[in-house]
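Heads up, the thing below is written out as structure tokens.
Note that the chains are named A, B, C and D in the order they appear, and that numbering of residues resets to 1 at the start of each chain.
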């Protein structure tokens, strides 16, 4: 037994307090950079938002900044349509790929297959766009010109968000306790039925979070979409109609835009930012709920 | 588990005892069919994913391999990149990445540690930072570019430089890295924190010896995602690190990144396609190398610090 | 890890980082004044950037110790930066507008623009009216102008591009009235789009198109007003649709800026202009 | 009165093992006065006062959720980790109030060690599990480190089992071994009090027996406060026992006294019912 030491002392508590202070300052600095960015966007949008023309973003029938037409709705629809279609395609494919990796793939394939998906996640969007422009668009044009279309944009987006869906779904599936599938097997459920009735429902919230994050990525994607979507400002009527997304619009025009026009481009950036941020927050909620379920 | 094994025990559990034998049989056939369909669908999905990936890579490799050579990697670009190689661009890319990692890792890990270990979830500051992170993750990359230009290049006077580019990319990579580190830390069993506290260890010691090493794989994964996003970034870099394809002499020099180079070659330079394909191939290779190295480093770091069972 | 038992990893690394930054930042500051005379910044049109970057490289090797940084971002940016002094020289891939006449502009190259079709398209020429009708959507099938029964894909440029402005002005069109199926940003995107679509019509720089045709891209340049779309015709001024590639300065150029402007306009860079598929100005 | 437990012994090993309540020196090392623990709006523990005697084993018994663990973790201020926890009352350790401002919590925790229900060795090697806390508390000399690690492992009877694989992961040990390693990890800092929160409940009967023997051997050298649901175990090892019970959703101390008395002639009827197995 060691000799009794007085408890009053300041030295050893010092480390943690200074660490906490350092980290707090680091956090504040980081947060303030983020704050700066948001402020910057707001400042840039001010001319467009403060003017009498707020409503024009909705009421103007199209987007002709040089002729004072600032209707954003067609581009919003284009953005939403391409994203929705991409999610529609990527979700089953991504979950399928995740299930394949976990349950069906022959052992020697698992690692290469996962590596392949990881690599897919790292390919530059310019490369996707390049491939889309030279391979995919002409292919579609052969059936239904012009080729550069909602369909092309959605397909490229699908490939781009697949890794996000697949990798995050796999993580969610892996976090389902072993005992669940064991229990299902004990009930005599087949592999397919176990997956559909036990595994997927248990991993549901994780998969949902994956889909939401993928949606955010699809909404924010710029370069690849710009290269394959045709960039015509119109509300798409069919899969083969060209569209322009909000991000592509920013990238196409920002370098040339001045004053009010430039400001409106920031407005579209702000709209997009809010949509994606809302999605991200929703994803957190879902994930959080998933976390507390597991704890319970 | 094989589908057949379900036959022996499933009926008793899944069907009511009163069901006649023939109905049981059709139910079995039905179950078997849907099982087959399901398996087929999964295989099909996997095949489609693999096929689309291989298609893209094969296309790039097919067009790019002819141009790819050792001298392509070691020579400076000539004639706007049509001739020569990409050595200067590789160097700029790596420098930009180095700045990004050097800034984003300490900041990101620091913020994540503060959020998950020191702040209370419900505190106002923590909530504000969390929301700021979500918003940040949602900003289109071109807006980052314009912000980086206005703030780092002009306001801070860093000009078009590798530092400006790296800092801008660090802002982009931060949310990903912070989230990954946070989730990595939250996956570390609470028992270890309690154990460390009960031993009178400082939080710093617990973090350094146990919590961060245990979260290292998640941090690495987040960092790789962040690097992947950074290295693929075009729009944000055109406005910050710039377009100059000279060999950078310091971090204050402007330097063109690989993705910007690829975009310029394929969109602005007639006759640049082949070089663009080859550069794209190099970019993919670079990512593979970075991934491998990062995972190695993180494993070694983990091994040197912790020994999971 | 080299550092054992690092009690404050974050504080330490932050300090190290700040120190590193300070070192890196202070180095160039020390000789800022000297740099001023030895460094040029040029920003502007993405079309002109590859050419000017090559000119800059040659200028650098001819003048040791001088650095010329070329940044892209579009013609409007070239004008703004030159005006605000952010850059020493701006690049503008069109003639200056009336409001921009306060700047001094210097022609370094010409660039003709021509309508292009897919190689397999049997149409050999289009009248001015036919081009207008096609771009305004009144004609939507190639058979109406003597081609195959095939839908026309109209490829237009994005708002703000100087090629678009030039095209609109030449055909006296309003961008609102154009019914495009594809809108592209940069030249090469236009080339690739038309090359990949047998029913497409677009307009691109003649030099670029000539190069692409030589290199087997399935493209075809149409004559305009009976004049063949060749670089030769652009050079002798007979081709009607052409634009100047300018570099601009805020004031009458002096010192290094003047040296660069003179260099960029000299015959020492003619081969570079040709290499980038532009037309060297007649001198 | 001669404090039997404090007979001189080698600095790093336990002295002669004592048994039976007679070894106890009725000299309080921890004095708890009117301790109340609240989590937000709910009160986990209300107004508990008792003394923990030096060198003795004090068992805390009672049904789940009656505040035993809250009580335990307010003795080394581990309850501080729970943001919503509010603690009032007074806890004196060697006469010094541990909740007084300026108290060095980390030093307190080196003197009052704790072992948890679930073994929680760090994901480090066996050796580093013990060395790391020592180094963090300023033990630098490699001879001393080595000696203290070995002694701690010998104290918990783990030395012969692991001496050849000290650098293998601690998480590869069996559950019982892990728990003994955790006890060693607490002992290596040479605390004077050891708090144990159901240390055997997650173990199989054989490992549980080993740990129980170990606790018995600690008596005299260390003051042990142990939460247990195993009444037989409490009866076997404890010198003193405290019985907690939930009254109107609030944890209360019902009865405290010498273990023999509490189990064989309890004063309170609730205690009587609980120890006889008819309630709880």
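Here is the rule we use: a contact is a pair of C-beta atoms (placed from the backbone, for glycine too) under 8 Å apart; a residue touches a chain by one contact, two chains touch by 3 or more.
If you're wondering where the values come from, they're calculated on a predicted model, not measured in any experiment.
Engineer: Between which chains do we find the greatest number of C-beta pairs in contact?
Structural biologist: Comparing chain pairs, contacts are most numerous for A-B.
Engineer: Compare the CA centroid of chain B with every other chain's and tell me the farthest one.
Structural biologist: D
Engineer: Using mean CA coordinates as chain centres, what's the gap between chain C and chain D in Å?
Structural biologist: Chain C and chain D have C-alpha centres separated by 77 Å.
Engineer: Indicate the whole-number Å distance between the mean C-alpha point of chain B and the mean C-alpha point of chain C.
Structural biologist: Distance between chain centres: 33 Å.
Engineer: Could you work out how far the Cα centre of chain B sits from that of chain D, in whole Å?
Structural biologist: The mean C-alpha positions of chain B and chain D differ by 46 Å.
Engineer: Rounded to a whole Å, what is the gap between the Cα centroids of chain A and chain D?
Structural biologist: 50
Engineer: Can you tell me which residues of chain A touch two or more of the remaining chains?
Structural biologist: Touching at least two other chains: 12, 15, 19, 22-23, 26, 134, 251.
Engineer: Could you list the positions in chain C whose residues touch two or more of the other chains?
Structural biologist: 5, 7-8, 10, 14, 46, 72-73, 185, 189
Engineer: Counting only residues that touch at least two other chains, what does the list for chain B look like?
Structural biologist: Those would be 106, 110, 113, 200, 202, 204-205, 266, 305.
Engineer: By the touch definition up top, name every chain pair that qualifies.
Structural biologist: Result for touching pairs of chains: A-B, A-C, A-D, B-C, B-D.
Engineer: Please name which positions on chain C make contact with chain B in the complex.
Structural biologist: It comes out as residues 1, 5-10, 13-14, 17, 20-21, 24-25, 27-28, 41, 46-47, 49-51, 53-54, 57, 67, 69-73, 86, 185-189, 191, 207-208, 211-212, 215, 275-277.
Engineer: So in the complex, the part of chain D that touches chain A is made up of which residues?
Structural biologist: Chain D residues touching chain A: 6, 93-94, 96, 98, 100, 102-108, 111, 190-192, 221-222.
Engineer: Which of the residues in chain B end up touching chain A in this complex?
Structural biologist: Those residues of chain B that touch chain A are 1-3, 5-6, 8-10, 13-14, 31, 34-35, 38-39, 41-46, 48-50, 52-53, 55-56, 59-60, 106-107, 110-111, 113-115, 118-119, 125, 128-144, 146-147, 150-151, 171, 174, 178, 186, 200, 202-205, 224-225, 228, 231-232, 234-235, 258-259, 262-263, 266, 276-277, 280, 283-284, 287-288, 291.
Engineer: Across the complex, what residues on chain A touch chain D?
Structural biologist: 1-2, 4-13
Engineer: Show which residues of chain A lie in contact with chain B when the two form their complex.
Structural biologist: Answer in residue numbers: 12, 15-16, 19-20, 22-24, 26-31, 33-38, 40-41, 44, 92-97, 99-101, 103-105, 113, 116-128, 130-131, 134-135, 159, 162, 166, 185, 187-196, 216, 220, 222-223, 247, 250-251, 254, 266, 269, 272-277, 279-281, 284, 291.
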